[in-house]
Each structure stands twice: as C-alpha cells, then as structure tokens.
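Just below sit the structures, each encoded as structure tokens.
Below, chain A partners chain B and then partners chain C, in two separate complexes.
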Partner chain A sequence: MDQTQTFGVRATEGAAVIDITGELNASSDPALSDAYAQASELSGLILLNFAGLEYMNSSGIGLLVTLLIRANRQKKRLAICGLSDHYRHIFQITKLDDAMKIYETEADALGSDR
Partner chain B sequence: MTESREQRASQIPRDAANWATQTDAVRLSAVPTGARNLNVEGKQAVGPLQGFGPMWQKTYRVRLQGSDATPKDVIAAWKENFPKFWPPGNTFYAPLTGIAPGEAALINSSLPGGMPLSTGVMVLYADDESFTLMTTQGHPFSGWVTFSATVESEGGMTCTVAQAQVLMRANDPLYAVGMRFGGHKQEDRIWEWTLASVAKHFGVEAQVDTNCQCVDRRPQWRRAGNIWYNAGIRSGMYVMTTPVRFVARPFSRPRTGA
Partner chain C sequence: MSAKSVIEPLDIAPNDPLLAYLVSSPGAVDIQQLELDSPAVRSMKAAGIKLAVPLVSQGELIGMLNLGQRMSEQEYSSDDRALLNNLAAQATPALRVAQLVRQQQAEAKERQRIEQELQVARLIQHTLLPKNLPQVEGWHVAAHYQPARAVGGDFYDFIEMEDGRLGLVVGDVTDKGVPAALVMATTRSVLRAAAESMARPGEVLRQANNKLCPDIPENMFVTCLFALLDPVEGRLVYANAGHDAPYQRSEAGVVELRARGMPLGLMPDMEYEELETQLAPGDAILFYSDGLVEAHNSNREMFSFPRLRELLARHVMSTPDELVDFLLDNLARFTGREWDQEDDITLVTLQRVHNVARHTAFATSMLEEVEPPPSDETQAAYGEETPGTDASGKASSTDAPMSAVRPADDGAIWDRITKFEIASRPGNERVAIERVREALRSVDLPARTCERLETAVGEATMNAMEHGNKYQSDVTVVICVELSPRAIRIGVTDQGEPIPLETEEPDLELKLAGMQSPRGWGMFLIKNMVDDMQVVDDAVGHTLQLTVHRERSH
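On to the complex of A and B.
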C-alpha cells in the first residue's frame, strides 16, 4: 500500500471509524474500499475521520461519492468528522455536505447517535 | 488524533491552491468572442449528487506508447489545447485566463436532433497532473469530469496513460430520456475523440479504452425539478425568440453601467 496514506478501522460504541491519514487520491481506491468493507461489518454507522488528512485531490472526492452510494445501497449511514476549515469548504463546493452528515469531532458524531 | 480543532483550522494544506474557492454562483471572468453566453453566469456548479438520473462512472483511457511525454507534459498540453481536442460541432470556450481553479468555461454544442445547447462548466480542481471540470445547472449531466495522466507499466513496458473520468447523473427527467436515446453515445464519442486527439498531439495513434459502470441505477425523483434550468430548452427558446428580440431591439432601453 502507498505509505503516504493509511485507512485504519476501529470499532467504537455505536460506530465503526475509518481514520483517514495522509493523502486521499485515485490510488486510495483499493485501500479505502477495503477499509469500508471491514467497517461495514462492524456497524451500521460508518464515521470517516479526516483529522489526519493532509492532501486530497478531486479523484479523492470522487471516491467519497462512490463510497456514499455504496453505503446508501447497503442501508449504512456514512458520516464525516475532523474536517479542517479548508476541507469543510471543499465539501461545500462539491455539495457533498448536502448528502453527508458532518460533525466537528468524533465525540460530537458519536454523541449525536446516542 | 489529539490535534485540536483550532490547530487543524489554521493549517493550510498543499492542495489549497488547487481548488476553486467559490461556493455561490458561477461567474465568468470574460466572454470569448463568438461565444453564446447563456445558462452559465449566476448558475450553481452541480456535482453527481445533485442530478436526477442513474449515476454513471465512465472512464476513457489511452496509452501513449512510444511517446516520452511525462504526465505533467500531457496535462500541460491538455489544458492549453482543450478546445482543439474536442470533436467538430462542439465548441469549448476555455477561460481566457486558462484552465485554473474557479474559472468558468462556455460550451456551445447541440443535442441529438440538432437542438442548440449553450451551457458551461467550472474548473473545480487543477494541479500539474490532473484537472476537474464541474458542470453548471441546466447542463445535460450533473457531475464532474477529471482529466489525469499517470505512468503505468504493462508487460514490462512503462508509458504514460491519459485518462478522462466522468462521474455523472442526467440532470433532469428529460435529459435522462435523452441519455438513453443517444446521449450516452454522444458523450462517449466526445471523450473518445478527445483522448485520441491527446494521443495524436504526442504522435501516438492508439485505441481509446472505454469503461462505463452504472454506480447507482435509482433516479433521484426529488431532483426532477432540475428541469426548470434545462439548458437545452432554454437555448432552444432563445434561438426561437431571436426574431422577436431583433424587432424589439430599436425600442429597448440601452443598458447602463459596466
């Protein structure tokens, strides 16, 4: 796997969290897809934690769209947390914020689900 | 993961300059001579989640075997010659300042059946090895097209591969019908021609590989109202009312201001 990116999966109370660190681009597809498959077996709520994101291009945003469609098809909920102001702005431009629930922090996301 | 919200907010990532910054309406910096400027200025840029029809991911690729062009060479040439690489009958008026994040471009084309179509795109993202165009409201499809180039190996041979990837939904019910009856073919033809033109620019005659995948078959009925912005209908009405505007011109008040 590309050493500039990792997609760690962990189970928390009420959700499976995917910690996205490093880069999110076209080469992330297989690793992100694997991480999603693992996470979806753990919980119905999958939280993408972007606190460790350092770089994202438009192919990375495309991967998130296809992941969202996959989650919708499987009746899973996909939520986002840990976005910096910059990446929150990109979610607004691309209108992904219309389709995904965005939380400030992981604690906020998990708290709102209880 | 103990970084505070304030720390994260203050960091400027290295991709910051590559993204468009505006979230409101699309603005044209200038209108190129000869371009029909309709259905773009003041409209929203829309992504694949805002469209109506089934979602498609279409990938068009060409291997530049025999060329020593790097991915950066390919993308630089593609940005510079984007309008020239399009098939005849479709005119892409690139931004006068070039393909750069946030810039808007006009497209004058025609729908299957010959109906004129004036629409546009906004440059969502651009770096040295890729760029992405996002459509505006009323365009036949809602989504984005990412143009990229990478170095790939196959059978021990390394070469640069140019790619266009479309992630889209037909924008409204009328376009969704149109896409079924010729629209998808027309779109494939545009990008296959474009990729072949890119290859020719680097002296390569090569077959374009096309891969179309339906990511989500379900239409989004709550987006059926997108038809209000349908650029085909609006362009057609504009053309049909041209004689009326011509007759009324002497009686119209001159525009004031800039």
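On to the complex of A and C.
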C-alpha cells in the first residue's frame, strides 16, 4: 500500500530510536532495514518506538524476528516501547517479550537502560 | 585383485541358514569350502562365487559382497581378505544410509497416499451432509458435524416428507476413510428411498437393512437412528438400528429414548422396534454419535453418557443452537487444548419452541446489509462487491445462505450483521478489518475483543487472498459476521482447494537460531486471537470460521 514508507531515526543519549509509524507489514521491509542500518551506526542500543503504530500483522512480526537475528549477530541490543495493550499481548504470546526488553514509554526505556 | 564381473541376482530365503552364518562371521567367507545345508550356498557355488563378505550393521545383515575367481586364477591372499574386510567396514554404513533414505522415501509416499485418500473421504462426506437445515415452523433444528482427522463414518440427514413431516437420520459407519464414506453414501440413499416410499421408521430401517445386507463389506455395519417428526402434533416416532439412544429433555428431566434393533448390514430380515414420544413446547431432543461420549481427555477419562446426561439436565432451556454450543464448550473444556480428536462428532438437536413469533425476526436478507464503503479512499479496494456490478460470476457465493458455508451450527439464532466480498489484492486485508470494525461498532464488546478479532480477520483474509485465491483480483474473499447471544462468528471464505490445517507451530527460539523461517506467524496469531477456529470445505469454498465467546470477553 504505502510504497514510500520510511521510519524516522533519532539519536538520543544512550540509544538510537526508530519511530515505527503507520503499518508494519510485508512491504515495510526496506523501510525497517534502512532505519536499522542508520540506527546501528549511531548506537549499540536500538529502541523501536511503537507509539505511532497503527497496524502490524504476522508479516510485521516476521520482520521483527529477522531484525532480531541481525541484531544478535551484530551484537546490538534491541528494545521496544510504546506498545498498545493489544500489541503487547501479541508480543507476549509470540515470546518476543522474552527476546527483547519491553518498556512502557520511551522515557522509561532511556531512563533505566543505559 | 579383481573379480570376474558376473552379476547375477541371488535370491536368499529369509530362513536360509547362510544368513545366520554370515551375521556371526567375522569377515570374508570361503563359499566353496562352506558346508551348510543351504540352497543359497548351493546356488552361489554353482555361480562360481569364491568369497562372500558380509555387510553387518548393528547386528543385522544388510548386504554382502560376492566375489568370483581372481583374474590371475590364484587364491585370495590374506592381504586381499584384509582389504575386503576393510572395504566392507566402510561400505556398510553407506549402504545402510542409502537403505534408510529409500525406506523414508517409500514411507513419505505412503503418507501422501493416505492423505489423498482422506481428502477424498472428506469430500464425499461434505458433499452428502445437508447443506441447509430444515425450516419447520414452531421448531428449531441445529446440527454440528466435526470430522476427526482420519474421517470417521458419521452422517446425518433431514428428509422433508410431502405430508409436512420431517425425517431425521443420525448414523455411524464402522471403519474410517474412503470405505466408510462410500458405505455412508449408500446408506444415505437407501434410507432416503425407503423413507419416501413408507412412513413408519421401523419399516424404513427394516427395508434399508435388507437392501444393505447383500452389498455391504463383511466386516462393516452401520448404526443408525431414524425418527419422524409430526411438527403439528409434536409427536416423534423413532426406531433405532443399534445407534446411541437419543435423549429427550423436558421439564420433568432427561430421559433416554431406547428402541431395540440390530445395526444395519449385519443380518437380513431384522425387526426394528418402533416407539413414540411427545414433545411439549420447550422440550428438546439430542441425537449424537459416539464420538462425543467416547472422547477422552489427557487423563484417559471418557466424556461418558452420565456426563452428557448431567449437562443436558443442567443446561437452561434455550434454543438448540445454544445447546449445541453449550455441549461443545463443555467438551472442549473437558478435552483441553491439545486434544487429538479420535472420532467424528455429530450432534443434532430438535426443539419445540415456546414462542413461534421469535425466529422470523432473524430472517434478514443479506442484500440490504451491503453497506456503502466507509470512505472514497477505500472504494477502489472493494472489487466486485455489489451484486449489481458483479461481472465475475461469483454472485452466487454472495447470495448463498450462511448455512451453505457451515451446515453445522446454522439456525435461526445466528443473526447475520454483515456479509461482504473483497477482491484478492495485496493490502485489502485492511479493508476487511475496517468493514468488520464498522460492523462490530453496533455490538457491545470490550475493545480488547474487537482488536483481537480484527487481527484474526486480517490474518485470515491475507491467507485467503494469498493461498486460497492466489491473489487473482477477480476472485473474491467472502466475509460474513454473525452474532448469537453468546458468541460472534466470522467466516472468511476463499475459492481454494480443501487443505489440511497443519502448520508448524512457530517457535521463537528456533527462529532466532536459524532453524525455522522468521515468518509463519499467521495461523498462530489467528488461533491465539479467538476462542475457536474451524475449517469448512464445501461447495461454497474453503472457509476459516472464527468464533469468540461474548461472555468470556468481559
């Protein structure tokens, strides 16, 4: 649907933040890969902020798993914040919450994880 | 060292003493010197074989190397023998692996054959089970059929007689798979023919038995209950050919409707006891198959007749569809999530309603419920949606009643709140989600339940567009949302072939270790978002039916 999707990348103190906005689905692959590449230049801790997420489907979960594999290989840490209750539930049942640290908000993540 | 290249096939009987001798022999054996009363040794001697080197793997003889005369005509030296024994030690594991591979290939082929056979059995069964439930004024009829993986021989049928009476059949063929499905098909026709020519259940079974006896395979038979309902008088006349006795639930309690009779197809000229019972408004009758009462839980306890009877007594008077749901809920609770269903389960319920006026309220037409698209933006995504603009020839699937999608639970109490089609184009699952969200807005549901249903519908629609309809944009996915007092049910139908619903359970650890694809979360998500997921393959297509219980979501 959205062929020119991009995710913003911000450098903060201690982490690079990727703002996941709109949809995370099969077509988000290039946007997510680009954002990750930029972010991994900036910091060893990459925080995916899902506050702007509208919709994520099973393909989106697949992309996150791929990203996790890449991050593990490159010794980068991934963390998550800003999930709605619904997607938090999905992170629980898929056990993604065991593989990545989940924070309520970006402030929580940056405050405690340094 | 070289041997003459004479290759002649050698047959060795499994009881030939040579085999035992070779297993225990430490290395190459001089065949010409061997004195054994063995036909194999005799033919090897005759073929000029000098040396046999046994290939033994884990105490089992898996082959041998046979050598003829050396080209130099000299005897084999001890060096030759050492070399041969060495060769055998290396060849044995390689040969063993090759044999295992071949064996596995044969087994895979066999599994595929069995799967195809099951597919045929499923198709026969789906084709012959009723597509619609009978509409009888003053009565609710509901049915549920849930095939086991191996497809048992359950069947049920409704026969609407010219005089307004309704014939009900519930039966079970011994055996499984295609043989059972074929006998089921025959029994169904024989019963229909008999029922049309006479009106006495005992007589119908007697004649059906006589027709089946000469044709039915020797080790098979059919248990079957035949009942005839006079809907005006509320009288049910029934006869039973060895099937589980139905239960009647009335204000006074639960009684079993027993009638004597042998299963069909065992012996000709049997007599079938014919009895009758009277149903007062509010009374219900449950017909069922042994798959229900014989279901086991993980502790190997059986669901059992007493439990069924107790549940019936406990269930508050309501419509039969709810009774079916109530029993299925209890069965699911009993068996637990990991249940491997051993046998088909069939439930048919019949209830005389208190208030006739009620069920007409639900007779809504689908066409008036096609809503305008929520916005101009999504207009393009709808494809051939309104019947008026349909050029794809798929209009029939839109008009088909839900009962054709699922013969099982259809009945007056499911109130359809929307039904629509979307074209199979990437991204259109968002349209489906949007439509379902709109439809559920009028229903009092917790936000959490709505979100889960939306995720499930999105995944089911993606699967339907991709795997079922192969993203052909002129083939649509039909989505139907229905409501009962207890549950929400959403059917997502594509035009794909019946496929067995078995996907590997995704495991994040395996995925992170690179041992499973990172993808493959779709079915897992659906299963975890809803209370029940069923697959129905029939004339309308391949349907994934998602159910969420309303009372549990609060």
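Some notes on this structure:
Just so we're on the same page, the second predicted complex is superposed on the first by the 108 of 114 C-alpha atoms of A that agree within 3 Å, B and C clash if a C-alpha of one lies under 4 Å from a C-alpha of the other, contacts with A are read in each partner's own complex, and residues count from 1 in each chain.
One rule holds for everything that comes next: a residue touches a chain if its C-beta (ideal position, glycine included) is under 8 Å from a C-beta of that chain, and two chains touch if they have at least 3 such contacts.
All figures in this text were calculated on a predicted structure; none of them were measured in a lab.
By the touch criterion defined above, A:A99 lies against chain B and chain C together after alignment on the C-alpha atoms of chain A.
Once chain A of one complex is fitted onto chain A of the other, the partner contacts of A:I69 extend to both chain B and chain C.
Here chain B and chain C are compared by how many residues of chain A each touches, and B touches more. According to the touch criterion, the shared surface of chain A, contacted by chain B in one complex and chain C in the other, consists of residues 26, 55, 57-59, 62, 65-66, 68-69, 72, 85-86, 89-90, 93-96, 98-99.
On the chain A side of its complex with chain B, the touching residues are 19, 26, 49, 51-59, 62, 65-66, 68-69, 72-73, 82-87, 89-90, 92-96, 98-99, 104-106.
Put simply, chain A touches chain C in their complex at residues 1, 23, 26-27, 55, 57-59, 61-63, 65-66, 68-69, 72, 85-86, 89-90, 93-96, 98-99. Residues 426-427, 429-430, 433, 448, 451-452, 455, 458-459, 462, 506, 508-509, 511-512, 514, 517-522, 524-525, 528 of chain C touch chain A in their complex.
Across the interface of their complex, chain A is touched by residues 1, 3, 5, 8-9, 11-16, 18-23, 45-50, 55, 57, 124-125, 127, 130-132, 134, 144, 146, 148, 150, 165, 167, 215-216 of chain B.
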